[in-house]
């Protein structure tokens, strides 16, 4: 990466707490891998390093001049629109994909993921939890928790309710971006930083953490933990679980392949290969001992799930008479309901 | 059905997108099976076929005259109230229960279900997904997804947040109608088109899809999939699942009988007969092989669940020592907690 | 308890229905066990019994005088602030911890729990369901269900949406109080009356009922039913269940000890001792027969879970080859992810 090419940048609208600190940033049009001329224009004003600057009148003029010299008139128009309406505009430049050092960098990276400008696991998010603030997400916007009690009391005394929808380090994605071709029945369960492929439906019981998501068409009625990616044309049944690596779970990085079905109330603690089914209600962890059977039911071997997880087109089930967890070949094709998926 | 008798009708308040198209309709007082004189008055103005008309001044006058001739003064008063306050009033007439052809017809049918004017499975909803639009449901009402980015940016530039609660074809029921005698702890999980019997409590983990619901008193802490109906005095435990037929599940139409209990984190993929219990944590699909036992524990036969699902007053359990799924006679009476259910 | 010492009190801001009845109360600063001089000042004006009074000008003056005589100037300032801004101020005094007799008493007790002024099970809440009203919780505040249809219609005719977030006897906690040092990713799932220890994270799939909660650091991605308390440094995995005693469940009072992990989609119907793990996907009820094994896998005995539930540092699992539920000694230490928990 040459010095003059930016990793990404965004003009953002910020929320500040009562102490004047930035606590949240909304980037309406984040940009990944900008053209070198655009990168050069921005860095000529703001410097070549990762940097966040507040847009005051002087800087606005300098940026506009630099951008117009490179024929970036649409970027100037967007900047003008923001700066004329709001006094709380910043420009965040990421030159190098270091661990996020500020709230503005952290939010820019989360936006890049949810705008589908980069895939999960492709950004350096080390230390993200330490950078983000725990905030109250309300009908009056993000509020610092230190400011909250007074704001709640003021609202009630004025006859209003301050609706506190979430107290979290991550906001919900849809208040920032709704990517093309998705349905999200209950948006409180998809964090900013989720990556949802076109054709994805997240039902009410679905959940998607940051740096996680779906690669294409999918019906998600279960939980996609942080870091988990679900392949194209797969289905997570209602209440199903993918084990995360952040808390409680093991060290295996979990994923779900293409054309998979994890049944309702089922779960996996290992990467599921393409074309596999886990039957409803069965939780298979990485260490679960499984009887691997051939097509006529003969035992090939007993192995931990993580030792056979590369096998495609298999059904994981618990034999309902013997109680044994089995892995058997699967030849039927899974297809998602066309009517449900063709009208996003 | 004679030509002059309507299936149903409603005066509705509509939301339009920036292109002027109707994207959503709220019917405060939908009517099913109107009296023949009322039907005749409406069809004399609007014609005898399924039809949606916008109420302008001329049509308002014509309708009022026709209605007053049949002594339908309360209907006229309601029409006057709507039309005087809002410029976005329609009248939707359904003469014949064909597949819904428009958003106004689709919403009218969903209202009829949630107003308890007709039971699940009693309306023709073929092709419903294709008729409904995928919309952003926000604190500013329903918004066309094409209009959303500009609306979000405008809100933020004005210092506000556009809260996007859902991106879906179906709205939440309670923003249209809260039927008598129910509690719904978390309304985001009950779609318009759900049918909730009087005495139903939907706890936070409960969920009810459209064309599905409960027939009477019920404690619902699990998921009622599209098409599923739960009988009177039954209990779906926390996180329990009823397998739907729309996606992933099989072809069996699922229902839950009267006086049933599906335990927490349990699930069923077959119709559960009256008085049955599925123990907590056990998922029984239609094809699950089950050992059917008599009252003293003797094996009667081994059968798939769907083959014995007509048996009432049974407990489905997994023997915790042998791992075998068993179906045993049940004589204890299940009763919901009176204190919880008597104060709706 | 001497006559002059109050159990608790609070100045509250009330919501009334269209009939003028109090339906909801917000206590910004509830007080438990006030000093005897403060108790004496309040009871000298309001009497020594449980009592709720409306603050009019006369009473305001009397209270201010009595409080100033005991140097309670901060209380007077708070009272002045409330009364000057709002005409809907009450004072609720609880002298004796009887079953709640009014909405104002019931709400005060729920506030005491969520403000961490007293622990779950320490208050008399008998008959609580009968005292609380089932209300619509909306963006315009609490609304009596009898008033709701007219309010919904008015909102829509004015071009607005009346957002009905919940129809329930209990409001969400965070619209009243966010205790220090917690994250609650989705606040709709924590009722007022929950007790959340400092260092608790409630993820999107977590849930906490009233009179229930966590004693300290905890990662809660499962459901804490009414009455259940989770010990310090424990983890409820995604979708896990703790069986309540209100409905459907048994008579055992459930709790989770310190340093426990209930795995994803697992569940318990018995009190879990310190240092225990229930593996993902396994539901163990009080009556589940369990094979108790020693450290080398020898069977000690077969017993119901409730008979061995006092044993600490055990793993409950279902042997994936035999299908038998087993309880085995556990020596590994469970530790929650530090990065996740150190930034609340």
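Miscellaneous remarks
We just call them A, B and C in the order they show up, numbering each chain from 1.
In this section, contacts are C-beta pairs under 8 Å (C-beta built on N, C-alpha and C of every residue); 3 or more make two chains touch, one makes a residue touch a chain.
As the structure is a prediction and not an experimental result, all values here were calculated from the model.
Least-squares overlay of CA atoms from subunit A onto subunit B yields a rotation of 120° to the nearest 5.
Both copies, subunit A and subunit C, contribute mostly unmatched positions to the interface they share, with under half of the numbers common to the two.
A straight line joining the Cα centres of subunit A and subunit C is 31 Å long.
Of all residues in subunit C, those touching 2 or more other chains are 139, 165, 188, 239, 265, 281-282, 318, 322-324, listed in ascending order. Taken together, the subunit A residues at the contact with subunit B in this complex read 13, 26, 28, 81-82, 85-86, 139-141, 165, 172, 174-176, 178, 182-188, 204-205, 219, 235, 237-239, 261, 263-265, 279-282, 318-324, 336-337, 339-340, 342-344.
Looking at the complex, you find that subunit C touches subunit B at residues 129-130, 132, 134, 136, 139, 145, 148-149, 152-153, 156-170, 188-189, 207, 223, 225, 239, 241, 243, 246-249, 265-267, 269, 281-283, 285, 288-291, 302, 318, 322-325.
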